[in-house]
Amino acid sequence: MKFRTMLMAGVALASAAGFAASAHAADDKTVQMLHWWTSGGEAAALNVLKGDLAKEGFAWKDVPVAGGGGEGAMTALKAMVAAGNPPTASQILGYFAVDYAEAGKLGDITSLATKENWAKVVPTALQKFTTTNGKWDAVPVNIHSVNWVWINKAVLEKIGGTEPKTFDEFIALLDKAKAAGVIPLALGGQPWQEATMFDSVVASTGGIEFYKKAFVDLDESALKSDTMKKSFDNLAKLKAYTDPNFAGRDWNLATAMVIKGDALVQVMGDWAKGEFKAANKEAGKDFLCYRFPGTDGSVIYNTDMFAMFNVPADRKAAQLALADATMSISFQSAFNVVKGSVPARMDVPDTAFDICGKKGIADVKAANADGKFVGSMAQNYAQPPAVAGAYHDVVTKFFHGEIKTSDSAVTELVKAINAAK
Amino acid sequence: MTEITVAPLADVTMPRPRGSVRGRLQDALPKLVLAPSFAAILLFVYGFILWTFYLSFTNSKAFANDHLVGLSNYQKLWTWTFETDPPSGWYTAIINMGLFGGLYVVCCLALGLTLAILLDQKIRGEGFLRPIYLYPLALSFIVTGTAWKLFLDPGIGLEKAVHDLGWTSFSFDWVVNPRMMIYCVAIAGIWASSGFVMALFLAGLRGIDGEILKAAQIDGASGFMMYRRIIIPIMRPVFFSALIILTHLAIKSYDLVLSVTGKNPGGAAELPSTFMYSYTFTRNQMAVGSASAIIMLMAIAAIMVPYLYSELREKSQ
Amino acid sequence: MSFLEIRKLKKRFGALEIIKGVNLTLEKGGFLVLVGPSGCGKSTLLNMIAGLETISEGEISIDGSVVNDLHPSKRDIAMVFQSYALYPNMSVEQNMAFGMEMRGVPKAERDAAVTEVAKTLQLDHLLKRRPGQLSGGQRQRVAMGRALVRKPRVFLFDEPLSNLDAKLRVDLRTEIKRLHQSTHATIVYVTHDQIEAMTLATKIAVLKEGVLQQVGTPYEIYNNPANLFVADFMGSPSMNLMTGKVTRANGHASVLLERVDGAPIELPAPRGADISALTDGRAVIMGIRPEAITDLDGADRHSKGISMVDARVDVVQPAGSDTFVVTKIAGKEVTARMRAETIVQPGQTVPFAFNLDKALLFDPASGARL
Amino acid sequence: MSAADALLAAEPRRDPSRSSMTTRIVIYGLLGFFAIVYLLPLVVMVMTSLKPLDEVTGGNMFALPKEPNFDAWAKAWGTTCVGLTCEGIKGYFWNSIKMVIPAVLISTLLGALNGYVLTKWRFAGHRLVFGLMLFACFIPFQSVIIPMAVILGMLGEWGNFFTDNLGVSLGFGNPTVNLVLVHTVYGLGFTTLFFRNFYEAFPTELVKSAMIDGAGFFQIFRRIMLPNSGPIFIVTVIYQFTNIWNDFLFGATFAAGDQSPMTVAVNNVVNTSTGIIEYNVNMAAAIIAAAPTLFVYVVAGRYFVRGLMAGAVKG
């Protein structure tokens, strides 16, 4: 960073020598928004926000970078921040927000938060990511949870299955499907999908307390425990129910298999519901949403947030307007109905939601109250990206047979996590 | 021809008018013209390499920082280099670079040369065929990768098509088999770049002095011998150009890997470029990413510098 | 003071010395040919005169002023290159006018000059063509025209004819000679072809490895070579060189040439040689040009130094105007130039008339004339 | 043959007809086979783009479209959503054009000048300079993003400074200008390589002659070198055009938003995180994005080979 300092000094000198920097005349009434929500439903939902802001006189400057769960967008964001030219706000996930906050790159919207009393309505666990040292610097848009299974109702009826309540029942159900000649489990074989599924498997196998101990506290004995081994074994069992071509498949293609009835079930976060809706399928009638067997009552969450960057004073008003609009009850409801997730504030009425949405909202409230509301390891909500990346590595290697036994899987997991810490 | 066989330092060394400012300016003009480009390269390439080098000794995570930690990032990579069971991401990246890079470069050269030789046999419709081999280069690696991923997908692509034709035992599932995936990346890469190599070789073939070929024919060289002993050796400079271009494409083939494999399942399609990218940008271990970038550059330098050196030297002698 | 003066000129590339202290002068209107084998430095020397190579040491002056530090374009010279160096993107006309254009000569003037030169060189009908559409000879002419049109102080020719076939070469040689005679231009001309050198030059400079061997008129160079190198280099077929030994008797020196078959040949030392240097038993090289070895009838009747030698004929090469007869003397092939009508057969032993007036003696070690 | 002659007469020639009937059949067979292999992916892409979506997802990808239509193309061009705006990718096409053209021209011209200096105006250390420029081709772009962003950020501050004081930013901080800069810098290695190799074989006597004729450094370049560099210009321009047009990483990182080039927009269409994948629209968008480069290769392919022949390949 040395040369940057030097060059900056040069710039500073140049400006000091010649001209006193004149203040910008008026407030910049644009909201520059970096995000990767480029598909129909999400874009439509964001358009609501855009419209809300337009009513208040703020223009929306769209900066979409699609793909890779925001990988491209995160790179662009890093470049923008490094250039000292951050967007007004950016869609951001989990610990990435913490990183930017700790680096002092985020702004302060505490005044608005206090006024609106967000601390009361946003689940406490989420506030870990939206506040830093008590200061609000990001707003949550939604709460996703990853411990869902999505089932094609017609197929379930055809094979004569019922809702599985435990992991063993789940396996039995998958067996039934297999016997009936249906692909039991639709899976996209990409590291993050496998890891996301493993989140649920661990919570199901060891219970939510075990999950917390292992992934939130990174307790080594838990990571090495037989329960963790059993979780890996359970994951291995699930692999037997996939079709042979699962590797590298995008998650929405897997969802499509369920929608079309080619496959019975997909283990996926509630964003999968958006796919069903886009295919004009109705919750409860065409498809069913259950908690991952053995995890009912717990919510393994991830959340989309808008991080509010440290912008010059003239862009501050627009930023606050964006934050305010994002947190409005109407937007939270409208957006999450489309997105499949549940509102990030718990005082949003569930009237507009379908049965899955209603269940989701209720689950979040209950889990938040019971302390069963935990961040997803796979989605960077339990640990920073380095550890989550190590977790992805081990799970995907195990799932694809590079790591052969659950014994070595737990050893590798501990080793990889320690190396990444 | 020129008299002096010893390489002169300069082809044209102009007299230097002493004293006059104008004269000196004239004298320095060529260097002044080159200077901006060279300065840009120095800053934007070598400056950045230095910066990366510096970062590789820090514990930079999401952002660059100045906290020096010595060689620990390199130590990490060094340990990973020997972790083969299960393979560490870095080990896989190195192995894959060898596999992919080797296959990609060798097959592109072989296929390019073959196509060029075939096309050079006074082919009717050459003007029609040539763009067919050349066009894949016009597509970006992302498009290439996506097309090949679909094309090779056993469920909807080639395998299914062959099954539909009636050959149901046909199996080609490399693109979903983590162990074989890297070969699919190579196939897509070869498809994309071999046409360009073909063009290079075709140009090389067309540039060979006809008299040399006549002489070889009179000497009794048959078609195959003629290519093996005369034509291919003459085209050494073409190999040089092709190799430089292919190597740089192989090193940078980041988009291709991710789009063909679908985000690298099982970590099996890791390449140094994907490794570096993911550590720098998605795993927020910038220092490790930087160290891997430095190692990658040193490896390239170890291979390319002697080669560049000998080729550049030889030519001017 | 001469028009072109080169003083103690040196050229170094790193540690390597290419031109090792050359002194040369050329009067105005003179035609200097730099001749020598490949790698002797003649082109470098020419490039230094042109200003295309820097001078490591020494001086070059044109018309009294030192041009060492002058840019080529400021030296008022023109150069004709071996490859012609015609700009492929320009028509003949544009090629010829380019130098004037660069110097800001008005268009009308340029056109007039081009037209005039084109007429002299019979290029008028080619003016609109591109170099690619011309034959070798035409390109060569354009290259000369391009030089002529500028009316420079000095013309530099760098092997201008070596890319042409034999007949064209002779034609253009004549043309260059004629041009020189009519324009009285000052010309420096580089070639490795000694016939070109002989026919064109008013002054020849023979170079070897960056050292000037001899400077003189074509006649001097041919008949009075300063050393073995010059003697050997100039003339075609080249001079016969036979190793022998001096024998002295009664104040007369003669040269003894050993033969494989038959008795040694004893020939009186040539009259031009420095008798005092010819000590008894000293090894020498006798050089004698083919035209000085003839059949008896063909021998120069005015010469006082004809010696007859019988030798076996190896090869007979009729060349139309003459017949070259090759024999072996002193282990070396010796070529004689006999009249065309001479009838000899290989294997025959015939008398050869040696005109020793034209023979030269050299020191085998230093190569110097004795 | 002198290099000048080669320059003037670079026509393919190959006399011996050294193949019998069977070998001809084998040759044509091989060429035909490879042609099919090379064409297949494009054919599939085109066919997919001409089918309605249900035919794509339901049918065989190698099947001919039942009722081919250009709806997907029209949608990709004019109405598909890129982020929140649903005006297709046409606007980004223009972004790409206005970025690619200056970047290609500047990098090519600089490459030509560099090649000219490195071959005809050599100086001590010219080989080292060239070696350093050549090795620069191998730097992985992923590792330059952050420092590049810092530099571009500073340029942006200059832009603000100029805007404040002069009223115009002079281009500093403009994303398009930034991309032009980035692509120019990282293209220099190759353009210099191409031109150096070409000019290496370019007869130095022409330069000497022009020098004696009184032409200066730039005059020689403009009047002698450039007019005779047609073939290598074509090669370099095609190469640079393809690379810059197809770049995604720099475009997405340094020019995200409404200034982003075509590739980024296409990615935003194709690589959506959720929602129904409209393969037909995606393929149409991909083909549209590739159209300029495809066009260049098909139309100028002949000149490309000819240009390579004229010097780029002479190592």
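Per-chain residue numbering starts at 1, and chain names A, B, C and D are given in the order in which the chains are listed.
In this section, a residue touches a chain if its C-beta (ideal position, glycine included) is under 8 Å from a C-beta of that chain, and two chains touch if they have at least 3 such contacts.
Owing to the predicted nature of the structure, the values given are computational and were not obtained by experimental measurement.
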Mutual neighbours - chains that touch subunit B and subunit C alike: D
Taking each chain's C-alpha mean as its centre, the one farthest from subunit A: C
Pair joined by the larger number of C-beta contacts - C-D, A-B: A-B
Gap in Å, rounded to a whole number, between the CA centres of subunit D and subunit C: 55
Subunit A and subunit C, separation of their C-alpha mean positions in angstrom: 89
Geometric centre distance via CA averages, subunit D-subunit A, whole Å: 38
Sites on subunit B at which at least two other chains make contact: 9, 12, 14, 26, 47, 51, 64, 281
Sites on subunit A at which at least two other chains make contact: 68, 75, 78, 82, 250
Contacts with two or more other chains, residues of subunit C listed in rising order: 51-52, 71-72, 82
Subunit A-touching residues of subunit D, taken from the complex the two chains share: 57, 81-86, 145-146, 148-154, 156-158, 161, 164-165, 173, 252-254, 256-258, 264, 267-277
Of all residues in subunit B, those that touch subunit A in their complex: 47, 51, 61-66, 76, 86-87, 89, 149, 153-155, 173, 175-178, 181, 258, 261-268, 278-279, 281-285
Residues of subunit C that touch subunit D when the two form their complex: 47, 50-52, 71-73, 77-79, 81-90, 98-99, 102-103, 131-132, 146, 150, 163
Complex contact set, residues of subunit D against subunit B: 1, 6, 10, 12-19, 24, 27-28, 30-31, 34-35, 37-42, 44-45, 60-62, 110, 113-114, 117-124, 127, 129-148, 151, 184-186, 188-190, 192-193, 197, 200, 204, 207-208, 211, 216-217, 242, 245-249, 263, 267, 270, 282, 286, 289-290, 293-294, 296-298, 301-302, 304-309, 312-315
In the complex, subunit A residues that touch subunit B: 1, 3, 68, 71, 74-75, 78, 82, 95-96, 99-100, 103, 188-192, 194, 243-250, 384-386, 388-389, 393, 396-397, 399-404, 408, 412, 419-420
